[in-house]
Amino acid sequence: MRLAFHQATRFGLLAAGFVLAACGPASDAPATGGIEGTPIPMDYATTFSVTDLGDGTRLVEMRASVSSWGGEAEGPEQRARIALVPRDGEVPPLTGALGGAKVVRTPVERVATNFAPYEAALTALGVADRLVAVGGTTSYDDAVHARVMAGELEQIGYGWHRPPSLDAVAASEADVMLMALADLSYAEAIPRIEALGTPVVPSFMAAEPHYLGRVDYVRLVGMLTGREAQADSFVTMVTDEVDRLKALAASQPKKSVLFAWFSGGDRWGVTVRNDDARLLRDANAEVALSEPDDARLDAMAFYGTERLLADATDADCWVIQESGTEMYRNESVLERFRAWQEGCVYGTILQAKPSRNAWEIFQDGVIRPDYMLGDIVKMLHPEVRPEPFRYLAPVGPTPGAAPITS
Amino acid sequence: MNAVSLTLDRLTVGYGDKAVLTGLDARVEPGGFVCVLGRNGSGKSTLLRTVAGLQSALGGRVRLGDASVGPMPPTERARRIAVVLTEQAHSPGLTVDDVVALGRQPFTDWRGRLSAEDQAHVRRAFDLAGATPFAGRLFDDLSDGERQRVMIARAVAQRPALMVLDEITAFLDLPGRVEVMALLRRHARETGTVVLLSSHDLDLSLQLADVVWLLADGVLRVGTPDELIEQGAVGRAFDTADVAFSAERGRFELRQAARASSSGSSS
Amino acid sequence: MTTLALPATTPTVRPKRWVVGAVVLVLAVVAAVLASLSYGQVAIPLAEVLASVFNPSADTTAARILHDLRLPRVGTAVVAGAALGVAGVLMQALLRNPVADAWSLGLLAGGQLGVALTVAGAAFAGPAALQFLEVFQGVSLTLGAAVGVSVAAVAVLWLGRRVGPVTLLVVGLMLSFTVQGIVSVVVHFVSRAGSKVFSGWNDGNFASVVPAEWPLLAGVVFVGLLLAGACAKPLNALLLGETYAKSLGTHVGRLRGLALTATVLLVAPVTAFCGPITFIGLIVPHVARAIAKTARIGPLLPLAALSGALLAVAADFVVHLPWQQHFLHLNAVLALVGAPVVIALLLFSPVMRGLR
């Protein structure tokens, strides 16, 4: 699922929030109070709202409660305010509800991002050629990868590998930077990037309570790039596919799923609530070890092997391996689980280019939750979904599976 | 332990190809208390290390009784020869009791357990070296002088036929030196141990030694203190421009006249 | 002359402090093991623990947790703690350095590098080699670690005769940093498939040992403990330095080789199976000396093995308490106990202050 995506962004969001609170407007005024404009509704996104101010100008208000990875929310709600103003339009006075807003002139022609899902969004909107800088050489997209290797794209550094390289951002002369951070200390780069003339739009995708909320970010990218119609139809396509899969799953008997990947020692990252648990439930699955939804807690919790042995041995199916994670080796433990005995144990290991540490699930998969939803439905009810798996593959004792010591 | 004599037989000592002292002959009877004297660099330490079997002789041999020290197996040698060095031992958590008990190590079983007899030797050694007040303390917490006494107690506990002590009085005050040298001499007399001790403390050595081994210019002179003084050998070995050994008074004196004239001529 | 009026601390009259200490430690280890077996994220009543231990065929949740998880983990903690404690005694005696231990002087780092290079080599050689490595993971990684630990140990021993204890400590810690750097570079260049074998490996823990590997771990450590026992007597003499050791009949070179072999046998399997476990080997010898009131190696060995096991089991117990939301790291818990001890040693030990 998007767990490693969490890993990549969670600290970054927190860090970005701090900086925004420190350098941004820090105003408690209502989001669009005092502004004449028409709200542009988002079906699922709650971490940003958009108001049409006329003449093609949009006000984007971003706010998110940010949880630490596998933990709970820290600090107050984080905010950012961005005015999207057409290139040929006039910049309205940045006072009142527009006070402290940063201005991005649209459509942006040169986009820098250190966050792979934004690359996927640009590609989906047909404007991947506007990329001028990406995180590094690990893009799953072969075309982007080739351009990086050929030196055509600057490398900013992925947020979870190193702080953004300011030289690369400056050299790219980007109109906007779509940014995720991995460490609080990297956040000090934001004002410096903006001082270099590139406004920064942070990503709060990981804080969306519904997995379709992150798909709405594609619409934000559409507004930035002048591809709103394409973005709307992309979102509709994903939403329709999700609805179709939900209906398909609802026609089948309920089964239970344990989504827990081994994170070393005897620790497991377990999906227990919020958006990721919702996706499992939408596949008509009971979520093993589930907890009540809570916006201030992460979707994933770390549990010991003991907890799994005590409370999750009855799950019908088990997603045990995240892209690139180690396989749990203690077979006498695994044999206690029904999912293992019955051969319904899977890992998100397909669509991978391990030689360069690239995983589609952390790129396109983030804005295409229907892929994973379809896989979960197929894992639970193979008979109703003949399409091949996109990310999941059997691991463990299933016939034809990879050796469990992988 | 049986009392035996120590014999140097055409002994040549040194490092590698470089001989420091050549063709030394000497013999010490059981119970002999020998002071090895000589200026820095005269080869005292090399000689003592060779006699103790810690380095090989370049020629000739060292004999304890009838046995030659060089080819002796290490354990066998450790039962006959005890060594105390200037080198300061230290180790985390080492207690005074540990150190003295180590003297019995060549005699214990593979686990190093002390028999009642071993323990009696240890107790006696504590007492004889005047180290009893330090028992139970951490070795590293003692003063240099105190630690030297503990090391002597360890050597005594080893009940060797030969004790070799190199510059051990350096850290002691004058009463301490007298006491230590006197107790070593008494120990030699009472047990028949041959004690070979090097020291910078010329006056004291000349007063207490049965025999002096005087090293100067690559030559070993052996004799009683009186003999060597009378021959003027001590003076030849140690006199400098500023001090001279007075045979009448048995100690060094400033060359007053020489000083006066040299300072007069130079000014 | 009052020959017999000696204090009670001379060898004859000394009560066998270490025997008393060892008995108390055995009880403490048993208590810690029972606590670890019965408490964790799931609490199991002590009576049920004992019943399950003696009735392995039971198939209750409690029995599963005990047999599949807690017994192997606690057993590993006991073996690894004992091994590291004894290795610490050997190294502190060999180097006459109160802060010497396999971790602080970079032996664990050497072992890690050995494992990393083993995996990298296999990944480089191709899928077949990697397959072999996966199947024979325990043995191959232990061998890789053993080579790395040996090289580091010989280097440290060589260096230990030429520089002071503080310098040696700093060099050892720097060696660890260097190895971390090299390992991350190796991982960077080796395909992800290979690096999976030691992912999460910079974080030491006792939970990764699967029951089938336990005999290998315990067996190698056991041989190491026997060798350590054989070294005990001659190592005593080495406490006074090389010359004195020689004068007391010790073959210094042979002894060094033996003690070093024992150290490698103790440290390598622990590194291979548990990752770098910090501080245990460093502080446990001091605990043992404080209990025994002696630096004689003989009594220190059982005391260090027992207090090492106790510290390891206790730290592992703290890690596995049912913490909300967060998981503590074993080395973080050990550092809480260990780092202050090291600071105290640096400040108050005459050797470390350069006074001796």
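Think of it as A, B and C in the order they're written, each chain with its own count starting at 1.
Here is the rule we use: a residue touches a chain if its C-beta (ideal position, glycine included) is under 8 Å from a C-beta of that chain, and two chains touch if they have at least 3 such contacts.
Note that the coordinates shown come from a computational prediction; the quantities given were computed from them, not determined experimentally.
S.K.: Looking only at which chains touch which, which shape fits best: line, ring, star, complete or other?
M.R.: Basically the chains just string along in a line.
S.K.: Which pair, A-C or B-C, has more C-beta contacts?
M.R.: B-C
S.K.: If we define chain centres by averaging CA atoms, which chain lands farthest from subunit B? Would you check?
M.R.: Of all chains, A has its centre farthest from that of subunit B.
S.K.: How many Å are there between the centre of subunit A and the centre of subunit B, using C-alpha atoms for each centre?
M.R.: 81
S.K.: With centres defined as the mean C-alpha position, give me the subunit B-subunit C separation in Å.
M.R.: 43
S.K.: What residues in subunit B touch two or more of the other chains?
M.R.: none
S.K.: For subunit C, which residues count as touching subunit A in their complex?
M.R.: Subunit C residues touching subunit A: 40-42, 61, 64-65, 67-70, 72-73, 131, 134-135, 137, 191-193, 196-197, 199-201, 203, 205, 207-208, 210-211, 320, 325-327, 330.
S.K.: Which residues of subunit A touch subunit C once you look at their complex with the stated criterion?
M.R.: For this pair, the touching residues of subunit A are 70-72, 263-267, 301-307, 309-310, 313, 324-327, 329-333, 336, 354-355, 357, 403, 405-406.
S.K.: Which residues of subunit C touch subunit B in the complex?
M.R.: Residue list for subunit C touching subunit B: 1, 3-4, 6-7, 9-12, 14, 92-93, 96-98, 230, 232-233, 236-237, 239-241, 243-244, 246-251, 285-286, 289-290, 293-296, 298, 349-351, 356.
S.K.: Going by the contact rule at the top, pick out the subunit B residues touching subunit C in the complex.
M.R.: Of all residues in subunit B, those touching subunit C are 52-54, 74-79, 81-83, 85, 87-95, 97-99, 101-102, 105-106, 108, 110-114, 116, 119-120, 122-124, 126-127, 132, 135-136, 140-141, 158.
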